[in-house]
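Here the structure is laid out as C-alpha cells; the discussion comes afterwards.
Chain nomenclature is as follows: A, B, C and D, assigned in order of appearance, with residue numbering initiated at 1 for each chain independently.
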C-alpha cells in the first residue's frame, strides 16, 4: 500500500471532514501517500485527484460539509463509467480507495471492487443512519441534535389554544432521525415509514393529550423521500380533530452545521480504521462501529441487510409522551 | 399609581420575559405593586390575575416564550368583551396596564384606553418588527439570528450540481425578517411582500450566478401570511431554470429559543420605560426605541403609520450577493 | 412496589431532567406512585418529599439543571443522618428509591441500602463520566460538546504570531472530558491526571508544530480537582518556549445548558431501566449502558473498580494532532 | 480611485469577514479593483498583497476570524516601518486603504495618512467597543452574546448551598462587554474598570440577595487588561462573606465563533460605507454608525475622545438584579 485515495459521495454529513482529516494523518503516519478526489465518483472518472498533506486537513475537524465536495453521479452506475474511474485510479497510482458515504456510494464501491484490483473500503457517512453494519453513521448525531433544537424552540411557543406542530425531518426511506429526535425532544407522536400511517390513532392520542391538560403537541414526521409530506398529514389531522396545525420543514438545515463531538470522534475512529483495513489487505468492506468496537461488513450487506430501528427506543416514545 | 398589571398578547417573542422581569422589578423599586395577567386579553376578561413579586421573575431573563402565556382573543374585539376586562381591572384595583405584543394587541389596547380610565402603555413585543414607533421590536433580533443559523447550515451543503434553496421565514405581512436574514446570511435573492414577485428576474439572477461560478444559491422568502408559499415559488423557478430546488420552512422555530442579548437589553429598557411612562401619567401610548432613545408613540399610530424597510439594507442585498 | 422516590445529588448534569421525566412516567405506567425528594440527601433527611404527576414533568426534557435540585450533604456520611433519611422514607411509604448522581451519591446509597429495607437503585448522572459500570454517564456528552464549542471558537482567532491556548475543562479526578474534547476538538496536546505532567514533552511538541507551520496550538487541560491549574502550566510552557500563552477556564459553564440528544436518550433509557430494576426486586445496584445494553452493577463497584480512558482514543489524539 | 487595499489588524472580531466581503463587492460594483493585505500592517510592510475577486469572498459572511489574518505589529509604530508600508502601497498602485480594527490600528492609520498620499479610511472592528465615533463596533454584539451563553449555562447549576460565580469577560480597558453581558444575563453585580472596585459593597449586595432568597449569584468581571483577575476578587469576596466562589474565565472564546446577524449587517454597512468614503475623497476618517446613520469621525478622535458606557444601562443593572 503506497497511495491511498479518499472521496466523499452522496449527501453531505457533518463529521465527514473529521473523518478525512483522520484518514489523511493516519495514512501519512504509516508512510502512505494520500490523494483527495474531488466531487466523488464524478471526480474519480474525471481524474480530479490531488495530493493531500497533513497541513491540507488543518482546521477542518469542526466544519460541516466536505472539503472534497460530494456529488451524486449517474454515469458511475454503468460499467463504462466505472472503467473510466479505474483508469484514473491506475494513472494516479492509487492502490487503495476510501469511500465516505451512504448506500448509493457503497453500491458503486462494491461494483468497482469487483471490477478492479484497487482495494476499496467504505466509511458510513450519512445523516440518515440507514446503513447496516454500524450502530451509527457519521452525521446522524449532528442531524438529530439539529432536529431537537428546532423542537425545543417550538416548545417555547405555547399559546393557550390547542395547536399541533408537525416537525418534518430527513432520514431517506427510514425513521432513524425521526425516532431519535422524538425520543430526545419529548414529542407526542411520530410518523415513520416503518409503520403504516394511522391518522385516526394520532388524532385519538392528541385528543387524549388535550384532555390530560397538554396545551400543544409536537409530532415528528420522517419525510420518507417525500419532502413536504407533513402539509398533507397536518391537514388530515386538522380536519379530523379541529386543532390548529403548524408545519416546520427543516430540510437541508439538518445536513449542515458543525458536527457534534460524537460525530467527530466517530469520524476520527472510522477514518483511522479505514486506513488500517486497507493496510491489512481488506477490500469490498465497510468499517463501522458496533457496540463500541470496529467491525468490518461486506459492502453488499450494508444495503441488502435490513437495519432495524431500536425497538426499545420506539417503545419509550410511546411510553413517555 | 398603586398597582400595575402586565400581560402578553399575540404570538410569542423571545425577550418578552426579560421585559416582564424589568417591568416588575422597576415598578416594585418605585413602590408600586405588580400583577400578572395570564393568557393576555382572555385572562384579563376572565380575571385571571395574580400577584408578582421580585422573586417570581427570577431566572427568566434568558427564557423564550412568556411566563404570562399569551393568546389571541376574538372576544376582546367587541365592546362587551372589553367591558368584562375593565370590570376585572377595576376589581383588582389596577390603575395602570402594560401590554406587551404587536399590532393586534395595540388595537385592543387603544380601544380599552378610550373606553376605561385605566392608563394603558404598550411595549412592542413581536418577532415581525411590523410596528411603527420603534426601530426594532422585542424578539426581532432573535428571529433573524434563528433564520441565519438555518441559512448558514444550508450553506455547508454545497453539492456540485446546481441547486437553489428556498428558506421561508416569518414576518406577518412584512419582509423585515426576510430582509435582515438575507443581508446577514448573504442570500442570493429575496422575496418580500413589499415588492411584486418577479419569477423571471429571480431566474435570470440565478442563471447569472451560475455563470459566475456559484455552485448553489439561497433565496429567502417571507411567508407573507401564506405559510408554505415557498413550495409554489420553488416549483416555478425550477420549471423555468431547470435547477433542482429545495425548500426549508422554519415556521415556529423562529418564535422560540433563548433571546439574544440585544432582545434582552431592549426588553429591559422598554419594560422599565413602560413603568416610567405610567408613573408619568401617560396612557394610550407605546414606548419604543428610536435611534437609541426612548420614544412615546400614540397606540393608533403604531399600526396606522407605515413602517418602511431600510432602503439602504435592501440596496446592500442587491449589491453584495 | 407501590411508591418510588427520586432524588438528584452531587453536581448538576444536563439530562438529569430527561431521566426524572422518564422514571416518573414509566413508574406511573406501571401503576406505581412517584415522589420527588428535593435537594438530594439533605431533603431526604428533612422529609422534603412531594408527589410527582405525569404533568409535573412536562416540558423539562430539554432543560439543564435538576427540577429536584441537588446538594452535597456531609451529614449523610454519618449513620445518624442516614437513619433520619430512613425514617423519612418510611414515613412517606416509599419502598423504592432512585438516586441520580455520581460516586458520592452512590457511596451514600450503598450504605443506605445496607442499613434500610428500601430498595435503592442508582443512575449515573454526572458530567465527569468517572463511574464504572456504564460506558457514558448522563451529562458527559453535553459537557464534551460544551468544551468543543469553546475550542472551536478559539480556533478562529488565528493571529500570525505564535500562541498557545490552554482550555481547562472539568472531569473531577479523571481526564474523560479532556480526552474526548481533545479528540473532537483536534487539540494539539492534552494534560490529564491519568498521565504525569511532562512540560518538556509538551514544549517539544509545540515547537515541532510551529516548525510544521501551525500558527497556534490548543492544549486541553483537565482541572483534576485544582481549578485554575492551567495558569501555572501555561506559565511554565511560556517560560520554556517563549510562546505567548492564553488561558480559558470554562468552569461551571460545562455543567449547564440544554442536554444533547444523546444525553436525553440515555437519561430516558436509564430512568426507565431504574424503575424496571426496582420492579424486578433489585437493590444496591446501578443501572448503566454497556455496549448498547442495560447493565446492572453493584453500587460499590461503581467507585471501587477503575474505569479506564479509551486507549484507542488516547492514541488517536497523539496520532492526529 | 482605481485600486483599494483592505487589511485587518489587532485582535480578531466576528463580522470582519462580512465587512471584507461587503467592501470587496461594493468596490468592484464601482469599477474599482481590490487587493487584500495579509497579516495587517506587517503584511503591508512586507508587500504581502494579493488580488481579491468577487468569488474570493464567497461563503465567508458567516465565518469568524479574518480571511486576511490579523497581527499586532510593533515595527509599524516607528516611521521607518511606515515608510516601508508606503513603498509597498505605492508599488501595488493602491490609492485607497481600508483598515479594519481598533484603536491600535487607527493610531497607525492616522500616522500613515499624515505621512503618505494614500487615502486611509478606518472601520471599527473589535469586540471591545472601545472606539469613539460609533455606537457599536463590529464584533461587540457577538462577544456579548458569547458571554451571556456562558452566564445562562451557569445559571442552570443552582445547587442549594450558597455560591457566587464570577464570569470574567474581555473588553480591554473598558467595561462595555461586561455591562451589556450583565444587563442581558441578569447578573447580580458587575466589576468594571470605569468604577473603583468596592469589595465590601459587592459583599453586602450578595448577602442581601441571600436574605431575599437567591440561591446563587453571578458577578460579571471585566478583565481590564489583567486576565485572571477574577481569582483574586473571588478570593476576597469568599473570605469576606464565607460564600463558596467559582470562577469562569472565557478568554479568547469571545473573539471567535460565527458573527451574530447584527455584526454581519453592521459589517456590511460599514464595509460599503468605507468604500464610498474613499470614492468621495475622504481620508484619515473612521466610518461608524451613530443612531442608525453612517458617521465619519477623524481617526484621532476615535481614541482621544472618551466613549462613555450607557449610564441608563448601568442604572438598569443596579435596579433589576
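The working rule: a contact is a pair of C-beta atoms (placed from the backbone, for glycine too) under 8 Å apart; a residue touches a chain by one contact, two chains touch by 3 or more.
Keep in mind that what you see is a predicted model, and the values were worked out from it rather than measured.
Asker: So which chains are sitting against subunit A and subunit C at once?
Answerer: none
Asker: Taking contact as defined at the start, I'd like the list of chains shared as neighbours by subunit A and subunit D.
Answerer: Output, common partners of subunit A and subunit D: B, C.
Asker: State, to the nearest whole Å, the distance from the C-alpha centre of subunit A to the C-alpha centre of subunit B.
Answerer: For subunit A versus subunit B, the centre distance works out to 35 Å.
Asker: Quick one: report the Å distance separating subunit B from subunit D, using the average Cα coordinate of each chain.
Answerer: Each chain reduced to its C-alpha mean, subunit B and subunit D end up 28 Å apart.
Asker: Find the geometric centre of each of subunit B and subunit C from their Cα atoms only, then give the gap between the two centres in Å, rounded to an integer.
Answerer: 39
Asker: By the touch rule stated above, which residues of subunit A touch at least two different other chains?
Answerer: 152, 155, 158, in rising order.
Asker: Go through the chains and record each pair that touches.
Answerer: Between chains, contact exists in these pairs: A-B, A-C, B-D, C-D.
Asker: In the complex, go through subunit A and note every residue touching subunit C.
Answerer: 18, 21-22, 25-26, 29, 54-55, 58-59, 61-62, 135, 141, 144-145, 147-148, 151-152, 155, 158, 180-181, 183-186, 212-214, 258, 260-262, 264-265, 268-269, 272, 291-292, 312-313, 316, 319-320
Asker: Considering only the defined contacts, which subunit B positions touch subunit A in the complex?
Answerer: Against subunit A, subunit B makes touches at 11-12, 14, 39, 42, 63-65, 69-72, 146, 150, 152-161, 165, 227-228, 231, 246-257.
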